[in-house]
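Let me begin by presenting the structure, written as C-alpha cells, before commenting on it.
We just call them A, B, C and D in the order they show up, numbering each chain from 1.
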C-alpha cells in the first residue's frame, strides 16, 4: 500500500502546478485556467515550442520550460491528455509570430487534442507543426498498423534539440524537421520491477511476482507484453540494451546520446549501475556514449523501473544538445 | 517487498561511483581506491571543499561536485561513514594550497573519521577546517547533551554557500565561517510515510500503520520519536512548518531560503503540493520564500517522505546562493 | 400540399440560442443515461464528459455573451474542446464547422445548415478516422446529413426536413446497439458491447433533435426517451 | 639478580617488523572470537573490521615496503584508518602516535615506547571521549601504560616491563565483562553486555602482547586464549 501526499486528488494537478510555478518565481508563469506553464519572460521572434500531455511524468513537461527548451507546457490530469482548448491556448501563448512546434507523445488522446488545437490555432493565425515522438521500441509493430510506437523518454531529446534550434533562430519547418529526425532515430526500452500508484489510490497499477520483471512497459502503468525473470543490474540493463542495439543498426566508432531514465521510484545508485553497464558494453562494442543523462526525467508516478534511450549523434545534433539550456530540470 | 537493481550489494558503491563518473566525462574523475569523486579539472588557488558520508543519500554528495560547489566528495558504504583514510586522501585531493574546508553531517562516525583525517592531513601540510552540519530540528535536545542534532538537507546549502565563497577567493577561515553561519541558522524537519529499502534487502527499514506518519525521521531509516496521524498534503506540510517557524524566530518581511526535499520515493507532484502550502503559509505570515529548491536532493534510499529546510536569507547569503554553479545535481 | 423548391428555407433569427439552449437542456438531462451506456460499453466517462462540456458551456456563454448564431454555436464548440478525451475534440470540431454555417450577425438558411452538418461529419471522420458502421457518433450523423440534404432538395420546409433528419439519426443511433466498436475506448470491450447503444451516437441524435426544436415555431422538447 | 636503573633499555632493531607481524598473526587468529564478542555486546562488525584492517595492512606493507620501525607501524596505522566505524580511526590514531616513538631508521627505546603508548591513549581519549571504565579499548590500554611506566622506572628490562604491561592489559580487558558500555555501539545494548568482554579492549591486550613478543629474545607467541 502506498499513501500519497495529496489534498483532494481531483485538485492535484492545478495545486501541483501552482506549487511548481511558485517555486520558480521570475522564471515561470502559470495560466491556471488552461493549466499551462510558460516562461515568465516570453521569448521574442523565435519559433515557439509547446509540449504537454498527461501529468504523472514529472519533471516532464513543465520542468523543461525555459530558455533553450520549451516555451510552454500544458498539463492534463494524471495520465490523461490535456484538452484541445488547453492546447490551443498554450499554443497561442507559445507563439511570437514565427509559428509553433507542438511536441506530442504518440498516444491517441494526445495526438487528437494536439492536432485539433493545431488546426484551430489557424483561426488565430498561428502556424503550427506537430512533431510526434514515438520512440518506444516495445510497441513497434512490423506492419505499422494500430496506434504505432508510444512516446517516452526521447521526448526530452526532441524538446532539447528543437529548443536549441528555435533559440538559434531556425524557422518553423527546420525546427520541426529536426524534431522529426530525432524522433525517427531515437529508441527506448523500459522495464519495471514494480508499478506506480495513482495519487489517492492505495494499490499499485499492477503487481508482479517476486522473480518477475515487466519488460517493455510504457509510462502509464500499462502492463507490458512480456514478463521475464528478475536478474542483476547488469542483466536488467542487457534486457534493455540488446533489443536497442539490434534495432539501431550501429557500427564501431558510433557515438550515442543515452538517457538512463528512472521511472519514479528508482534511486540514483540503481541508475548508476545501469549507466555503468551501458558504458562498458558500448565500449566493448567499439562505440561510445558521447552524451548522456542519468536521472528521473520521464516518470510514471513512482514506478520502480528504468528506461534506456539511445540515439546516434552527429555533429549537428551534438552542437544542439550542448547548446545552453536553463530550465528547472535541465540546465547547462 | 522491494527488489533492487543491483549486482553484488557489496560492490554497489564502487560500481555506482564508476557509472556516475562515466556519465560525466570531462567533468568528474574517480579515485576508485579511495572512493572519491573529484572535478576532472581540479581548481587552482582556491580553498578546497570536501564533503562526503555514507551512500544512499544521492545526489548528495557526488552530485554536487563541480565549479561553484564541492571539489571532492567521498563515499562510504550505504549509510556508513567513509574511513579516515578515504577522507584523508579526498582532503589532499581537494587542496590547491589554500587549505580545505571539510563539510560533515553530524553523525558520530562521520565526525570521527573526518576530524581524524583533518588532523592527519597536517602531516601532508594541508590546513583544514571542519564545518559541522546539524540542522535536524527533531534531534534538538535542550540540554545540548548527546551527539546533538543530525545533519540533513541543509548540507546542500552549506555546500553551495561555501562553494561560492571559495570560488570567489575567500580564505579558509572565511569560507568555514560562512558554512558555520549557514549551519547555525538553517533548520530541517522531516517526515516519512514509508521507509526505504536497503539494496539487496527485501523489507523496508521500518513499517508504519495505515494511518501513521513518522515525524522527525533522519536520513538513515532510523525511526523517529513521534508517530502522528496521516493527513493531507497541507496538513503534512504544517507538521514540518509549525515547529520550524517556532524555532527560527522570524518576523514579517523576512525572506527565506527553503528546500522542499524528497527523501527518495516521493514524486514531484507531491513535493509541489508541499511547496505550494509553504508559499501560501509564509505569504500569509508576511514572509516570503526568496529562494528555493524543490526536488530530491538528500535522500534516504527510496524512503517515501519529505523534509523541509528553512534558512533566513540576507544579502550576502543570497548573493552566494545565486552565484553560478555547475554540478550534476545543481546548476545555474 | 407538396412544397415547391421555392419554399422559404430561412431559419429563425434566434436559431443559435434556441439550438444551444435546447441541446444544453437535453444533454444535461441525458447525461446519466449516456454515462450508463459508456459504462456498459466503453470506459464509463462519457457522462462526466457531457457534464464537463455543459459546465464549460455555461462559463463560455457567460464570458463571451454571444449575440448571434455563430457566437452561440462557437460557445458550444469551445465547451467541448475543453473536455479532452476523444468525444471532446471531435464534438468541438463538429460544432466549429456548424458555427461556420453563417456569417457574423446572421443565422444560416437550411441549405447552409445542411452543408455545415456535412462539413462537421467530414471533420469528425478526418480526425477520428471512423467509418460508418464503426459504432461511433458518425453512425447517427451520417444518415441525418443524408436525410436533411434529401428533404431540403425535395423542397421540404425546415422543420419538416430537420424532423426527418432527427428520425434518421435516432434510428441509426438505436442501430449502433448491433455494431461492434472499432474506434475509441469501446473498441477494447469488443463483442460485450452488443445490445448497448453507442453513447456518442445517442448524443448526436440529441444534437439533431435540438436543431429541429430550434426551428419549430412552437419550440417543442428534444426527444430523449429513446436513450436507455 | 635485581636490575639497576642503568639497565639497557634499547629495543631490538627489528622491533617494527617483529611487532607488526606478531600482531597481524594474533589479530587474524582472534578475529572470529572478537567478532563474536561484538555480536554479543555490540553491533557485530568488529570481527569484519579486524579482517579489513589486516587486509589493508597486507596491501600497505606490499606497497610501502617499510624499512624501519616507523614505516612498519605507520602501515598498521593506515591499515586501521582504512577501516571506518569507531575502532578504525581510533586504532589508526593510536598507531600513528606509536609510530612517532622513533625517528627515521631507528627503533625507539623503552622510555620512548612508553611515552608513545601514553600519547596513543591520549589521542584515543581525545577523539573517542571515553574515560576509563566506559568499557572500551581504553580500559585495557590505560593500565598497560601505567604498568609499563612503573616497570621502566623500576629499571626492569624491556621484556619484563612489557610482560607486566601485557598482564595488566589482559586483566583489565577481562574486567570489562563487568562494565556497562557508555561509548560506541555497545552502549545501545546496555546491561545485556554484562559478562561479555569488550572486543576492543581484548584487541588492545593483543597489541601489548605483540610488543612483548617483539622484544623477547626467543620471539614467543602472543597469548590469545584468554579471549572467549
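Just so it is clear, contacts are C-beta pairs under 8 Å (C-beta built on N, C-alpha and C of every residue); 3 or more make two chains touch, one makes a residue touch a chain.
All values reported here derive from a predicted model rather than from experimental measurement.
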| item | value |
| --- | --- |
| Any chain in contact with subunit C as well as subunit D | none |
| Contact distance in steps, from subunit B to subunit C | 2 |
| Centre-to-centre distance between subunit B and subunit A (centres being mean Cα positions), rounded to whole Å | 29 |
| Averaged-CA centre spacing for the pair subunit D and subunit A, given as whole angstrom | 60 |
| Intercentroid distance (Cα basis), subunit D paired with subunit B, Å | 37 |
| Touching two or more other chains - residue numbers and ranges from subunit B | none |
| For subunit C, residues contacting two or more additional chains | none |
| Touch-based graph of the chains, sorted into line, ring, star, complete or other | line |
| Chain-to-chain touches, reported pairwise for every pair that qualifies | A-B, A-C, B-D |
| List of subunit B residues in touch with subunit D within their complex | 76, 80-86, 88, 108-109, 112-113, 115-117, 119-120 |
| Subunit B-facing residues of subunit D, complex | 78, 81-86, 88-90, 92-93, 96, 127-128 |
| Sites on subunit B touched by subunit A in the complex | 1-7, 12-13, 15-20, 22-23, 55-56, 58-59, 63, 78, 193-194, 196, 199, 210, 230, 232-234, 236, 260, 264-277, 279, 289, 292, 294, 299, 301-302, 304, 306, 326, 331-332 |
